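By written order: A, B, C and D. Residues from 1 in each chain.
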């Protein structure tokens, strides 16, 4: 297939590489053009603007950091050049894989529909290593005929694709809610660990009880280990990005009139983490707020 | 060993049965005496009071519903007969397996110490079926020499024993915190499910995404399935007992000056569940509060 | 003075009337032009666009419903005509009296500065009746020389002006925080009233105790009476507007890294109020959430 | 009237003094007997035990620090001497003015009823200075005939008496809920003040806006001034007592199945205040938690 791939960051680059290996004809765009060098050598074309990248594509894939970046490449605002919306052919597909707001997904859907183009959401769960190995989990939503076209592309990038709805923004809701659930695990573990530390229990011993009984999921061992050691290095996902995802969850929930008190509480803890100087830490470091609010000293530097 | 076993409820009876099968000499006590019939036929002695049961024992095991029941059999208050504290021999062990408050565990420790008796906490994770199969998870705390004596007994009742501290009440802290973490999962899933339902996503499809990706632990599939179906039958653990455990967690946390805002929030949701008529439901039915607060109708009767 | 007044709603019209009575030369603009008829008869000029209204003014006053309305009249976006930013003379003042976000106030400040124009924030506390009587409370912030120019105008519209900072957006922070504090009073009264009702105490008797002892402020008697009667008519300020102000408070707080857990909780209660069908009720009707969550029936229709 | 007065602390002593001045025949009891010296010189009798004090009384008044103290003087447990329950004559009245739990008030009511004695609750709002001037606010509940008998006594101690119910524990609910509402004001002001400080607004200027507009009640000026100065001296009511009252409010609410999320949140802030070393501070110092969670430094020592 003729594919335009926009956004060659830590996630996008390995994803694009996997697509190229699968034999697709690729046109690449990244704001910092040098990020495209590797794939250019491997035979990819490099476009000067998102609009140029998308002009000839059957499918244009976006994998960018946030709403603003996606708005910029789609609508071309503030860039002085065409966005992909202006050039994508009728019937061609925009496959949006970034973690964006539900509201933006809804606007993109309408914008593409009004041009006779197609829009599908397919955000991912997984870190850069998983992207490199084609082991991402992909959550997608869209009309089934269009999903069918995208299926082989998704299969090249992920280990499993979950179809959750015919309505594209639904996939974004699922993605955001997943990050909310991870944050819930972090806060739960943070409070419980503060409690057991105050009763003289070794946090690692405590974590072994949890993961050895009812809580044997990766999310508990990964974050539990950080909390037990009170060490949140290395930074996989920065605090402001984590806070942004909780904010987008709350915003989507407010629009649908769903109160989410756990999410509100997590947001407050993250805001306090920012106030305590954890701005550049991994998002999971907001677990320190529960410990510090209980008067427990930090074991490692900020 | 000579063992007194006090409390032959849904959990205690199968636990006592496993000990008897392991060849121990058992004296049994239960408030409703007929619950002891089965084990009597199998060779157990039945005592008329907790004090009588404990008089000759090397280890007395208590497995009862709540603080009040344990206080009654230990101190004999309000019963007109001796509790086990009065008759247990110096050097003999009280192995307390009930889910009780940290405060009561501390009082029991002091009371037994002042009589030259020994005290160990060993609460369990698992439902009656796990107890029947000797598959409980046991969390224990106490001086290591005493734990060594108890080890073969615990091995007859559980699949794994976790030692968390030399200080007995620490095991009760861990047990209570475990129920808090389960309740955190329930509330997190309840809010996320309310959100996705409002966006037209099938809750079971959503749960499949969660358990198929990062949340592949039994606690997610078990409670997630109930929430997805909005059906909390059968009742494994009643709402007031669940609320009691969260209250005891908060009480232990307050004594140790640990704020636990998630636990506070869960308590509020459970209180609202009681106000909505869910008093006799399984404790996980407090997930309905998040749904109803979002204006979602219940799918099944209360 | 030559004044342009933009926004002749329930608040703006009586405010503009008071200015005209004070002898100022007025040019008026309102989206629905007929709202200006009364003041036109009294000698005011009516402009066809915000830009036309501001062209000749020493001070342009805006009193509009929300951020979007203010953005539209200032920047002229989506209107096909000039906003006031394009026509206001260097040195002239934009006196912004609407309840807007801190973020928009900051953007307006920068935009006007870059044109050599002046910007002052002066939001108000008070209902339309207070506006009619010139009895508003006005909270203002800006450079003192500019405030001095505005002083007589503010004195014609309000009973008292509070200067809180040299930095204009500070006044918007104070205004939003005031609405947050009112909502705190409502939620506190709602929970306390639910409690005493459950213990058989008459809510009006209870309110008399409160206002007769420590809580003798208008905010307690006004909202307390609505809660005691469980009747939130008439609608002074609609629920979505109240929710908006709490959202803007949380947003301003997040930017300044201030966790506000009370505000988060109030937001959740308001979202639940919307989910329960209270969309068109007065904002204080979110007090019903506390009552209904306690299983108390409503006394009056929604 | 023949009155026994039990509890001559900072509140009880001036209250008893006012009763004596009104001409009643007084028998006094205090655990530390020397606290009775002043009133003995003025003609009061001093009893050696609560039981002795109550033996001859028409009305026995208790004004003590907490549930444990009241239980001790009523039931005589742990004291080796009779409590007042054992000696009070049938038909005589126990007028309970302490801030105690709703649960204890219910137990006292039953205990007195079973002896043919009468029980009335009449807790107070006000500090020691108000007690000295006979300016307390008194909230009372009980059968009207009994309240009529107590009326002149209450009039000697307070400036106003509010009757809230025929059921005595209702007065304790109202008293506890009042302290909850004060704490709500403190938390609301603490969050709002943290917000405005971050935007560079002087906290005293901010408070002047509040008290000069909608929030002109003593509770705002008193606590607002402490928060604005970040100085919580002198200690009028210690943190653990404040925490106790919120805990009793939550406990009464839980029994009546009323979720009170504001109260839960306040409790968490107070627990965190204790963890931060504010154990011996005035209860209002929990306002520091909101400030510190926003990264604001304290202005005064702990």
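The rule is short, and it goes like this: contacts are C-beta pairs under 8 Å (C-beta built on N, C-alpha and C of every residue); 3 or more make two chains touch, one makes a residue touch a chain.
None of these values were measured; they are calculated from a predicted model.
Visitor: Could you tell me which chains are in contact with chain B and with chain C alike?
Guide: A, D
Visitor: Which of these, A-B, A-D or A-C, makes the same contacts as B-C in over half of the contact pairs?
Guide: Match found for B-C within A-B, A-D or A-C: A-D.
Visitor: Centre-to-centre on C-alpha atoms, which chain is most distant from chain A?
Guide: That would be chain D.
Visitor: Between chain C and chain D, what is the gap in Å from one C-alpha centre to the other?
Guide: Going by mean C-alpha positions, chain C sits 39 Å from chain D.
Visitor: From the mean C-alpha coordinate of chain B to that of chain D, what's the distance rounded to whole Å?
Guide: Chain B and chain D have C-alpha centres separated by 37 Å.
Visitor: In chain C, what residues contact two or more other chains?
Guide: 253, 257-261, 265, 272, 275, 293-295 - these are the residues of chain C that touch more than one other chain.
Visitor: Provide the residue numbers of chain B that touch chain D in the complex, in ascending order.
Guide: 243, 247, 253-254, 257-261, 264-265, 267-269, 271-272, 274-275
Visitor: Quick one: in the complex, what on chain A touches chain D?
Guide: Answer in residue numbers: 261, 272, 275-277, 289, 293-295.
Visitor: Under the stated contact criterion, what part of chain A meets chain B in this complex?
Guide: That would be residues 102, 125, 137, 139, 160, 162-165, 167, 169-170, 173-174, 177-178, 180-182, 184-185, 187-189, 191-192, 194-196, 198-202, 205-206, 208-210, 212-220, 249, 252-253, 256-263, 265, 290, 293-295 of chain A.
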